[in-house]
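I have a structure here, written as structure tokens, and I will follow up with some questions on it.
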Amino acid sequence: MDLSTDICGIELSGPVLNGSGTFDALAARRVFGDSLIEDFPFDCYVSKTITMNPRPGNPPYRLWETPSGMINSIGLPGPGLDGFLERDLPGLAGLGVPLIVSVMADQVEDFEVLVSRVATRDEVAGIELNVSCPNVHSGLIVGEQPSETEALMKALRPITEKPLIVKLTPNVANPQEVAVGAEAGGADAVSMINTVKAAAIDPGVNRTWLGVGAGGLSGPAVRPIALAQVRAVSASVGIPVIGMGGITDAESALEFILAGARVVAVGTENFRDPRAGSSVTEGLPAALGRRGFGSLAEAQAASLD
Amino acid sequence: MDLSTDICGIELSGPVLNGSGTFDALAARRVFGDSLIEDFPFDCYVSKTITMNPRPGNPPYRLWETPSGMINSIGLPGPGLDGFLERDLPGLAGLGVPLIVSVMADQVEDFEVLVSRVATRDEVAGIELNVSCPNVHSGLIVGEQPSETEALMKALRPITEKPLIVKLTPNVANPQEVAVGAEAGGADAVSMINTVKAAAIDPGVNRTWLGVGAGGLSGPAVRPIALAQVRAVSASVGIPVIGMGGITDAESALEFILAGARVVAVGTENFRDPRAGSSVTEGLPAALGRRGFGSLAEAQAASLD
Amino acid sequence: MSADSGGKPGRTQAPFGRRLCEVADSRPAGGYRIFTLIDEDGPSPGPGQFYMLAAHPDWAAEGGRPYLPRAISHARVSGNPAGGQRLDFLIDEVGPGTSRLAAMSPGDACWITGPFGGRFSLPRQLNPKAAGAVLVGGGIGIAPMAVLRRELVDRGIPSRSLLGFRDREHSGGIDELFGCEETRLAFEDGSSGHKGYVTDLLLQILEGDDSGSAAVYSCGPPAMLEAVRRICLDRGIPVELALESPMACGYGACFGCAVPKADGGYMRLCIDGPVVRGDEIATAMAGEPAVG
Amino acid sequence: MSADSGGKPGRTQAPFGRRLCEVADSRPAGGYRIFTLIDEDGPSPGPGQFYMLAAHPDWAAEGGRPYLPRAISHARVSGNPAGGQRLDFLIDEVGPGTSRLAAMSPGDACWITGPFGGRFSLPRQLNPKAAGAVLVGGGIGIAPMAVLRRELVDRGIPSRSLLGFRDREHSGGIDELFGCEETRLAFEDGSSGHKGYVTDLLLQILEGDDSGSAAVYSCGPPAMLEAVRRICLDRGIPVELALESPMACGYGACFGCAVPKADGGYMRLCIDGPVVRGDEIATAMAGEPAVG
């Protein structure tokens, strides 16, 4: 079955991306060697979120397993923009799939620098804006406010013609309002959901387990939340939705497409199986067939009763 | 070990309540007979949410199981205020534990009637306000807005001296802001979390599974979300917190107390085991001991590193 | 045979709380599976009642499901030599819960609560003029029919069993549960018996009968139940149906198992059913996708 | 013995994706448990490397956990008569993941990815003047020490093993993994060997030695590793430690396994470790609750 598709103009051999920050292709190549490239699990690679300056990330512990999920408080460790462009980007260009670079900043000026410098690189097909960060001026979390999100998009839109994707946070009452703001500001797509605010208590000691006290929940536990938000958002905007949150197999991926996503991303499941993205793709023809679809496009076009 | 405690002036033989809408004591008595009363699983009984007029509830399906959780879209079926006061309340008074009645309305005037008529009944120890409903005048979900919540509490506070408890929704960016509003308006406690907005796709047919398209997620899947919110809220208000969301045993109940809850409620776990409340209580002395506490009060007073 | 606690007539009261029972046996039954639990403490259930079952440990298997217990009707009750009773269950593996139950081996443990819900009435209770009973079962729904049939046999009440199946694969349990009892079979694929629906057999029988003396009982897939219901209602024949609905608790706690009542509103199927009179409900297909 | 892929020296490359391996054996080992997997497709792992393991099916047991695979060091590698290799793992049941792994029976299946991480250096790589190796193991940490010791024996490199345990209960695996090899034991409860910490034994040995010719290797609980690290750093003795840290993926994808580096920032223990030089890290106790 032909699974090829596209997302805001980026041609894809199939609908399966990785969630930002859940698959380090360069590290995976070190560990698995060239078989990673020969059998690359995703149709499009999304980088982990890049910031202006290098960041060490959060103090340990950064992970805790929860019922059917996990909490992380990784804290965006990374080489910073220069380090990424110099050292990481050339390697990522060799993956053989389109590349989306995720960026985050806490002021519009930094976002502008990130977008303009990343966009000028030919290797980059699109840019994802991680807006789950407090605006240093307003103090508000940009992605929680429709108006802040719209304003940010209006500032960034003129910089590049490459697709700009806004990664929505699920930690709001109405994500569709933020999505509408993103669209009004000129976003080409939204991706969702990011992790859900969560915490865990140390099973032995009377303290929070995570070094920074709280983190974000992901995995199958959040899938029902993600499906509701994808449905609400895709009904409210005209731009396409990249759906994710607890996808583990073709069936759950297809649920997101039925809920209104155009393509999907696999996150936490990569940790359980490095080839999870490929498994999802391999299962899609049968899953589409079981639901009576002759092609991916039919499912993308279907609307739920 | 002495587990007796209190919540905003209501004396309790232990810290375990039921979540509103997750245990129908009258139905359970029909099914299990008097052994239910002899071995009543909770230290305080919270009624399902009562509305002004009788309601049929939502069309089926109303339930779907999710990874480590479930979604419900029950839709508050019930006999209405008159029916409840006449037919249900006398039976509930015979349970032998303090009684909290949960009420909901979509306008302040109805809330006033509900609170004043419920509060005058001697059987009632306290009233829980389910504010996850749209205000018919403003259209806003009361419990999503700190100001709406505060205004509602200011209107209701003069009506009774009995404890008023606000049940917070988790579907907001910052539940602590709503809790602060509730406290400012005169609430005696907050209870949390209510269910998290969620949806499911029919596994066979291309439609949403739930009759009304979406519902609320509960069970262990949401426990990490609940713990983070309980911690944030209890750090922000001086009134006590009734903590719930995925509690399955004494250890998870104690996690809520460490996160800042004074007492806890068991919801979805009741469906797996009608005596779940008792199991939590029975396990508490050992769980407290494992963490080095000599009493419940020590755990309630502990603050996390 | 059962203590009435003020709900439906004939309700057997369940012990409070869940109990861990041993799996005594598990065997294939055509495309289905039958397993046996030893229930030392439970009361004897009536035909139509059900249990909530959860395999232990590892309830919550791959992918975090099953998480809630599953509603399953008993398919047979018999004495256990060492005390208590043996409960047989007929299982159709349609998802994670039924698959996990079907995977239990002898010696494993299973959480059980119940028996829940009310039982089928006796023919004379359903229709004072009833001469006997007509039992209409389909697929996995033959389980409660088998229990009812046994009770009728024990009481010397005549009954006829009409059983319908999609194909051989979906007729599991029939040999073991109906044994050499006389049954009339319908197979949609014509692999045996009547080629077509079991409702064809019901119509034949009702045409031959004085419908004033009929009492019909049925359990099976929603579309079959709705057809049986309409056939009987159209003819003024009293009918009881054992329905299904998604259930989380089984004892009235969750309000999840809503079935629309004929006079508006919903009943909780777990405590107001699962056996309902045909004229009590608005449809036996609530929540089912619209056909066509 | 291992293909270097550009990371740490001596990294053995793991096959891409997870594979299902058969459980060949599972047996108690004192308070711990040893089980054996038949790995048909994996390369031979080096001492210090580890695997991510998840029992199948029913990974995700009671309560929705375990959900993620668990990092476990191999405790022994041997040839499998029918091809591939046999991997032994020593398991301490501390939570849902390790308990589920310990509950596997022969014939069961287990998901495995790896081997991951880098291996211990040889003594001459760690210290050009090394005459031999001192291995310091504690509790479950004796597993990688046993693998390293075997390799040193095979290569004819002298080594001494110092093993420390809280009590008899926590010394499982020692008979099977160290057999009749010469070891020096310390028990905190004095039940046998030296009464006290294994670091007491290390200090004794180092006092007697020319520390310029020492190469120390260690694996065990964080507090022990930190004590070993300090003893060696204070004396300028090269030391390699196999650390633990919560891991979700094992192959560098999640950035969860952060360990603070001596020069600031964090390393990913799964790809930059789990074997680290004592002077590479800021502490072996990152994330541990503050003492006192």
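When the chains are written out, they are named A, B, C and D in that same order, and each has its own residue count from 1.
To be clear about the criterion, a contact is a pair of C-beta atoms (placed from the backbone, for glycine too) under 8 Å apart; a residue touches a chain by one contact, two chains touch by 3 or more.
Because the structure is a prediction, the values reported are computed rather than measured.
Engineer: More C-beta contacts across A-D or across A-C?
Structural biologist: Of A-D and A-C, more C-beta pairs in contact link A-D.
Engineer: Between chain B and chain C, tell me the centre distance in angstrom, where each centre is the average of that chain's C-alpha atoms.
Structural biologist: 35
Engineer: Once you find the CA centre of chain B and the CA centre of chain D, what distance in Å lies between them?
Structural biologist: A distance of 47 Å separates the two centres.
Engineer: What parts of chain A, by residue number, touch at least two of the other chains?
Structural biologist: Residues 64, 66-69, 203, 205, 207, 219-221, 305 of chain A touch two or more partner chains.
Engineer: Chain D: which residues touch two or more other chains?
Structural biologist: Correct list: 60, 63-64, 67, 289.
Engineer: Linking chains that touch, what shape results: line, ring, star, complete or other?
Structural biologist: Topology of the interface graph: complete, with all chain pairs in contact.
Engineer: Any idea which chain D residues touch chain C in the complex?
Structural biologist: Those in contact with chain C are residues 56-64, 67.
Engineer: Could you list, by residue number, the parts of chain B that touch chain C in their complex?
Structural biologist: 21-24, 27-28, 30-33, 35-36, 39, 48, 56-70, 72, 74, 77, 202-205, 207, 211, 219-221, 268, 270-275, 278
Engineer: Help me check something: in the complex, which residues belonging to chain D touch chain B?
Structural biologist: Interface residues on the chain D side: 63-64, 289-290.
Engineer: Using the touch definition up top, name the residues of chain B that touch chain D in the complex.
Structural biologist: Going through chain B, the ones touching chain D are 67-68, 220-221, 248, 305.
Engineer: Looking at the complex, which residues from chain A come into contact with chain B?
Structural biologist: Counting only chain A, the residues touching chain B are 64, 66-69, 71, 141, 144, 171-173, 196-201, 203, 205-208, 213-214, 217, 219-225, 227-229, 231, 246, 251, 255, 258-259, 291-292, 302, 304-305.
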